[in-house]
Amino acid sequence: MKTASVYSNAPELQVMQWFNTPEPITLSDLRGKVVVIEAFQMLCPGCVSHGLPQAMRISETFSQDDVVVIGLHTVFEHHSAMQPHALEAFLHEYRIKFPVGVDQPSEMDGMALPNTMQTYQLRGTPSLLVIDRMGRQRLNLFGQENDMKLAASISKLIYEAPVAEETSNVRSIAGQVCTPIGCTN
Amino acid sequence: MKTASVYSNAPELQVMQWFNTPEPITLSDLRGKVVVIEAFQMLCPGCVSHGLPQAMRISETFSQDDVVVIGLHTVFEHHSAMQPHALEAFLHEYRIKFPVGVDQPSEMDGMALPNTMQTYQLRGTPSLLVIDRMGRQRLNLFGQENDMKLAASISKLIYEAPVAEETSNVRSIAGQVCTPIGCTN
Amino acid sequence: MKTASVYSNAPELQVMQWFNTPEPITLSDLRGKVVVIEAFQMLCPGCVSHGLPQAMRISETFSQDDVVVIGLHTVFEHHSAMQPHALEAFLHEYRIKFPVGVDQPSEMDGMALPNTMQTYQLRGTPSLLVIDRMGRQRLNLFGQENDMKLAASISKLIYEAPVAEETSNVRSIAGQVCTPIGCTN
Amino acid sequence: MKTASVYSNAPELQVMQWFNTPEPITLSDLRGKVVVIEAFQMLCPGCVSHGLPQAMRISETFSQDDVVVIGLHTVFEHHSAMQPHALEAFLHEYRIKFPVGVDQPSEMDGMALPNTMQTYQLRGTPSLLVIDRMGRQRLNLFGQENDMKLAASISKLIYEAPVAEETSNVRSIAGQVCTPIGCTN
């Protein structure tokens, strides 16, 4: 007899402000599509050189009927330099057209990790989350994955039969990253 | 009522000599898998910088149960410099591990296009052919496609239902290429 | 008889705040050395991907006895997103170690071009100014120059006899740039 | 009192065949200019991706009155695949326009290192030799140097006073190389 999936349900995003979308976005509204979430900070070098350009290529490659790309601005350092008005200028200059949400700062302490980052236990930026058509978290990558492998992973979720069950896939990959204890060279 | 597929059957490769495989390879033996054929010349700059490294990434990304990568050395210029013994040295130096076949030279005239290149109407090198699990030709790309789009296209063929029908997909893409009238800068 | 040089004297920088230096820097203090000034904005994509990494390579290549590299933050758009506190975070994250001055905003109008940018008639960012050992402006490049040519140009000024006279060298080069009317893709 | 230079005189090249030049080239004919010699093999990956494109940039950057760039085909492996007729096709396809000499094979044994490679004690390919205006060997680099540093080094020799004396500069640099015991990945 078939048991419940081993995948956990992807918790809802906690966003204080959206850019590039007329309406707030919820994961429940996107049920039925594969959702790719690029978690970044505008002053994270690895996000600017690798993560965000890759997210743009994902957005340009797959049909919006199959894959939706969302940016999540998970600020955990230099808060005053990465306020929403600065993010807006950044998105304009870097021609980022997909929806971007600002991760809700923790109420406890302005310096703590923002809420969605905590909920998803993100290790830093850039991180890439992939959620399947049933709303389950399937990938949680920290660092840099190459395009070939990432497109293959996303495609697998596009085409899989709806009741697939596999082990979770949380990985760290080599590359320039920022964590709460600093950025790597 | 369902009619026959619009895709043409991929004709058999005409190979005079194989490297990196203990046995000659036929497309009919590979029925059931997606086959990616990288048509190249060892002295074609766009093949060395783009096509062959990309073919290696395809080979490393997908399971051999799903995708088989084959090189095809389609020499149509500088024949004396690209004989099989030179190709063997090239494959060694560039660490190319997937099977590579030497396209059979035309019997009519040593300077003519080799046989498989003629059969598939390849326009030059690098060209990338993709054959589906049913042995039908599905992609015939000339030039350079990016990894994200190519992995998405290959994945579609891995996961598609067996009776899919679509229009053929023969394309030219920007990039450094060699044709029978010369190589571009 | 030798006449006066055709080169104009490089006007003094007008800087409201310095980073990465214990003392304010003046061009007159640097007389005797070649001075390279990288004019940038922290949200200018071509500055982040090309101009600033190149300035770092210049700084690492030449002896400080011969060449001094200075950054100049010439903000002419998105002012609120590129205030000095944000620049400080940016310099930290991108490991920029050479001295960086914030170009003095125009007193007339906060939205006008900053003072040094006006004085040097910079067309946008990234711009690279090179000043010779005698304090004369010798290069004013807008856009992207390759490393080989730039190192050759700087070296020429290092080794030239002190009374050299040539025509001025103000050039635009292809590449991703920002101007007061917007950034190019 | 000034003693003789510590630099050794650069021995004459031993070339069996020239391409891209109407006349054989001798170092003694080039006395008065800085000479850059790119030692390569046409099937050496690091030469194709790095060494030769860099030599082309050197050739395009400096005046021929100051710097002459020469290629030297120092074949020490896969001899049958890199004969002069194959090299000619390679030079054509890769648009290499500067003069290229084929290093004279050893008379003792076809498999030994070629003569100029032995004379200069080259460790493998790509190697870059730089000879000053007085005909003395000043740089012998094995591997990959960046453009900024290399242009600075060459420029120093262009502008130096004729009696300069320094210690020799034989270096290995990181990067993909081929040596008589094999090529690195």
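A, B, C and D are the chain letters, set down in written order, and residue numbers restart from 1 in every chain.
Methods note: contacts are C-beta pairs under 8 Å (C-beta built on N, C-alpha and C of every residue); 3 or more make two chains touch, one makes a residue touch a chain.
Every value quoted in this text rests on a predicted model; they were computed, and no experiment measured them.
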item	value
If a chain touches chain B and chain D alike, it appears here	none
Distance between the centres, which are taken as Cα means, of chain C and chain B, whole angstrom	49
Whole-Å gap separating chain A and chain B, where each centre is the average of the chain's CA atoms	35
In chain D, residues with contacts to at least two other chains	none
Touch-based graph of the chains, sorted into line, ring, star, complete or other	ring
Partner chain D, residues of chain C touching it in the complex	54, 57-58, 60-62, 146-152, 154-156, 158-160
Complex contact set, residues of chain C against chain A	43-45, 48-49, 77-78, 80-82, 85-86, 88-90, 92-95, 178, 183, 185
